[in-house]
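Data block below; observations after.
Which chain is which? They are A, B, C, D, E and F, in the order written, and residues in each are numbered from 1.
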Amino acid sequence: MRSGFLKLVAENLTIDRGGRRVFQDLSFAVERGEALVVTGANGIGKSSLLRTLAGLVPLAAGTLRLDGGLPDLLPQEQAHYFGHQDAVKPALSVSENLQFWQSFAAPCEPDGFDGGRYTPGEALETLGIGHTAHLPAAYLSAGQRRRLSLSRLLITPRPIWLMDEPTSALDKASEQQLLGLMNTHLDNGGVVVTATHTDLALNQIRTLHLQAGDPGKLLQEEAMS
Amino acid sequence: MDLGPHSGFIIASYALCILTVLALVAWVRIDKLVQDRALKELADQGIVRNRPDTPKQ
Amino acid sequence: MSGWAMALFKRDLRLSVRIGGSALVGVLFFLAVVTVIPFGVGPDLNLLARIGPAILWIGALLATLLGLDRLFQADREDGTLDLMMMSGRPLELVVLVKCLAHWIATGLPLVVAAPLLGVFLNLDPVSMGAVTATLLVGTPALTLIGAIGASLTVSLRRGGLLLAVLVIPLAIPVLIFGVSSADAAIHDPVPFLTPFLILCALTLIAAVVGPVASAAALRFSSD
Amino acid sequence: MAFWDYANPTRFLRLVQIVLPWLVGLCVITFAVGLYMSFQAPEDYQQGQTIRIMYIHVPAAWLCMMCYTVMSLSSIGTLVWKHPLADVSAKSAAPIGAAFTFMALLTGSLWGKPMWGTYWVWDARLTSVLVLLIMYLGLMTLWRTMDDPIKAGKAAAVLTLVGALNLPIIKFSVDWWNTLHQPASVVRLDGPTIHPDQLWPLLVMAIAFTLLFLVLHLMAMRNEILRRRVRALRMRAASASHPGTAAATAQPAE
Amino acid sequence: MSGWAMALFKRDLRLSVRIGGSALVGVLFFLAVVTVIPFGVGPDLNLLARIGPAILWIGALLATLLGLDRLFQADREDGTLDLMMMSGRPLELVVLVKCLAHWIATGLPLVVAAPLLGVFLNLDPVSMGAVTATLLVGTPALTLIGAIGASLTVSLRRGGLLLAVLVIPLAIPVLIFGVSSADAAIHDPVPFLTPFLILCALTLIAAVVGPVASAAALRFSSD
Amino acid sequence: MRSGFLKLVAENLTIDRGGRRVFQDLSFAVERGEALVVTGANGIGKSSLLRTLAGLVPLAAGTLRLDGGLPDLLPQEQAHYFGHQDAVKPALSVSENLQFWQSFAAPCEPDGFDGGRYTPGEALETLGIGHTAHLPAAYLSAGQRRRLSLSRLLITPRPIWLMDEPTSALDKASEQQLLGLMNTHLDNGGVVVTATHTDLALNQIRTLHLQAGDPGKLLQEEAMS
């Protein structure tokens, strides 16, 4: 395991959603090259955790920081979020969709992370939807849309990938391809945090299993290889 | 008491104001009853607040 | 405009043009309101000419506000808004650019259509020019103020009507000075420039307050 | 004890419990005195007996503006200090403010008919009060439409503050637009111009209205806090029997 | 009403009342439009009284049509509409019942608010009564005709404005006879009853055509 | 295998969606007590097939009939559709939601099918959400909403269940429960048609595997177990 400087540190995270406490005092750290896999039953707070890391749900308490990242950027500005929604505009063509995100999202390549720097065309080819580049995104099937959404992560280098059930709605073949990309990202020195209901074949996995419990103690964290 | 030629307007404005105030009072009172009943219903199911003194948030 | 702003601007413009011609719907609504009023008021041409600028302004106000509900909603529903907040770009500027693109796609057509509709209302050329000028200066303010309503109602499905209700009180000063400078241009004695300059000032204020308040509301609504 | 310590809803409820009876008593007494005085006051040489409408019209009009001020301050509390009671205060003030605005409009129109010959004119002050009513109702709708009270509170706070900026603008622009209503005669730099026989009942009624606002506001705030408790507890009830599907800690935030 | 229709009616009424007071939003919009018009037209009370019935009717028309976009959309978005089509109940009746519930929740409050708003427009009691009566008879027609637009735009996210544009032309006869019977009541010489009866007839026609066309459109839109 | 009269027969189904042919000349039949599991890659047309059976997507060609069903009802009026959308109104309470569907959807019990006839209360208890009956449905978690949606199928007896990825977004425990209900329905003489990406442990499975091929033909049908 390559050990580097980049490290996403969460301390005593507490989140309220809809006036209700989702979890309390959750702490963990993920280093470069590592994938944190968040598991747990329905409604336990996996998506909420990822959205918190993405800066989309406000913290009720606790701190979140990225050691070794660019100092003048917030952690979420150095992260990609790949959730249930595709952020694909059906009225734009596939390459227009992608080009917009390339110009719009600020890239971020801290020391020790090598983002790969795909061009939009290469990214689409890599994901096997190069032939659709000039079609309106409305013509894509659900799986193709998801792959288009994924190519966003390739064209703008950012060290942290937050992925909420990334394999959902994908068939087996597409799932393998996705895992390959995630492993490459880890090898490049990136960090992956993913919530899932299935087992993912990633290189360096740490599991964060959320489960209902007494207030206060609610997580088991185990390091697996 | 003689309220002059415009007594109707005076009485109407006082009466309607009193009605409005009464409506406001009824609103807060009924609302209170509703919430109390809901709390009691929940308490009957054994669901009560377990952090009576911690501030919210 | 820096690169990202230009990309956003172009994208929003493209979307407005491609998706069912939002511009067209706005102008059609404007047309519908303006044609419906004579059916109600009756075909008295003098009366129509007198209230013409008001009708055009009210039509433009409603068309602008009611067309704003999708300004952020579309982006929120497909997750784009989340990504925008993570993009590392100042949200206030993002809002401003989106408003600009939206105004060009839907506000400008209203301004262009106004003189044509003026013909139906028996407006003379001077009033037509005046109304068009005030609309040109005033509708951006409506869009910018409306953006506040759009971001407040971004998470509510039933945005349109509520947005209008929330924003109309905020838009009243714009309406007052818009109509009064148009009227001033028609009835010579009153100076045209004073209310017109106030209208310009209102637009500038809206260009600051709108995006700031709107960005704040968007940040709070993210979840 | 510092005011800040009452930030806690539970302690606030306790405080309300203690203060409320006294306030209610005081309010009733002031109203009794005020109403008596306003019917004893001499009639106006110009407006005759209709001057009696003033004793409810003017306090209601003052209160509807004060209420918006309270809401604006609370909104700052919500957005800047994230004070837990701030949005409760703002939310429960809105219906009360709307009611006072309604009263001001109502009494004003009923006074307008004998004085001006019509219930309503599109005059500067009247119109801005009408706009204020629309703003109150819009805020109430916004609150009702969003089901997450925390988010609704923040959204409404933004709108309240923008509205607070807008109110003076409306006031001035409408002033410019059309004016008919009385100029200020009580709150003036050179002292009140109305007769003391009329001023005193007015002031007592104003105090009574303010007390009424306080009482209603505290009661409404208490209801709102309870409502949020019910909501939190219900959410917990939804998951309580099934730890498997419950959130990690099923604790209410309230 | 048979059991299922009653269940549907109650459900829709409950939903309208609970979801952020749709009724309130409609009435508020009505109030806002009626308030905004004098800002444009000017505060001349005689003029306002003259165009008062028209303003109220146009306000009610817009409030009704713009509030209709969620009539079927909410049910479509969460899949309820699919299940309704599989329920084994005639879709025309389903539409009719939904319109009825919607009118009671949002149209009736407009009718009730109309006399109050009439005060602002300096209407005398007779015209107020006349306008209210015509609105009471005419707004159901607007809802029923609007339902056609609502089902045509059910799959489009940006419904409100488009719906209004599609439906306003269809609603113009209702508006004409509504306003003219209100006017007839004010200016004695013209008989009130003729246009009023025509208005009633229009409502009855709309009660047949609306649900049938609307159900057809809904069937085609399912996918 | 109990063999009965009830039989859902599809002949030469052809479906166009968005102006594109999704599949052509698809024929199959499912009898009472049998589950037809539709599998295939993303975008191949599984959901489209189910929605066609539900009468929601018009047929471009082919016929669809239910032998042994009630003759004066269309096939879709004798079927339940359980898709991605829950048809749950957050503003109504859980029991109000359910009562509405009980009064609204016409029941259908042809010979040889025994629908069970749960009351709303029983259905909620069976699915383990009885305690939420009086709460607004807005307070339910995603998994609970899905179970509420499922209880619709229990209170109105209908012989055909069309289920599109029924286990999606469910955790393992809820998934087991769902499979139990589906098996009971089969034992009662019902028919299940379901699209899925995972393996389902149902009693009487026939698999319909859709796959892209020549425009003409694309299915293998195999009877298992």
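Annotations
Everything that follows uses one rule, which is that a contact is a pair of C-beta atoms (placed from the backbone, for glycine too) under 8 Å apart; a residue touches a chain by one contact, two chains touch by 3 or more.
Since the model is a prediction, treat every value here as computed from it, not as a measurement.
Using the average of C-alpha coordinates as each chain's centre, A ends up farthest from chain E. At the interface between chain A and chain F, over half of the residue numbers appear on both sides, which makes the contact a same-residue one.
Centroids built from CA atoms put chain D at 47 Å from chain A.
The mean-CA centres of chain E and chain F are about 38 angstrom from one another, to the nearest whole unit. Computed centre separation for the pair chain A/chain F is 34 angstrom, with centres defined by C-alpha atoms. Residues of chain E in contact with two or more other chains: 19-20, 25, 28, 32, 35, 39, 42, 77.
Within chain F, the positions touching two or more other chains are listed as 131, 141, 143-144, 171, 173-174. Residue positions 45, 57 of chain B each touch two or more of the other chains. Taken together, the chain B residues at the contact with chain D in this complex read 1-7, 9-10, 12-14, 16-17, 20-21, 23-25, 27-29, 31-32, 35-36, 38-39, 42, 45, 47-57.
Chain D contributes residues 147, 234-235, 237-242, 244-245, 247 to its touches with chain F in the complex. Of all the residues in chain E, the ones that touch chain C in their complex are 19-20, 22, 25-26, 28-29, 32-33, 35-37, 39-42, 47, 51, 53-55, 57-58, 61-63, 66-67, 69-70, 73-74, 77, 156-162, 164-165, 168-169, 172, 175-176, 179, 183. Remark: chain F residues 90, 128-129, 131-132, 135-136, 138-141, 143-144, 171, 173-174 touch chain D in the complex.
Contact residues of chain E toward chain D in the complex are 19-21, 24-25, 28, 31-32, 35, 38-39, 42-43, 45, 48, 119-120, 122.
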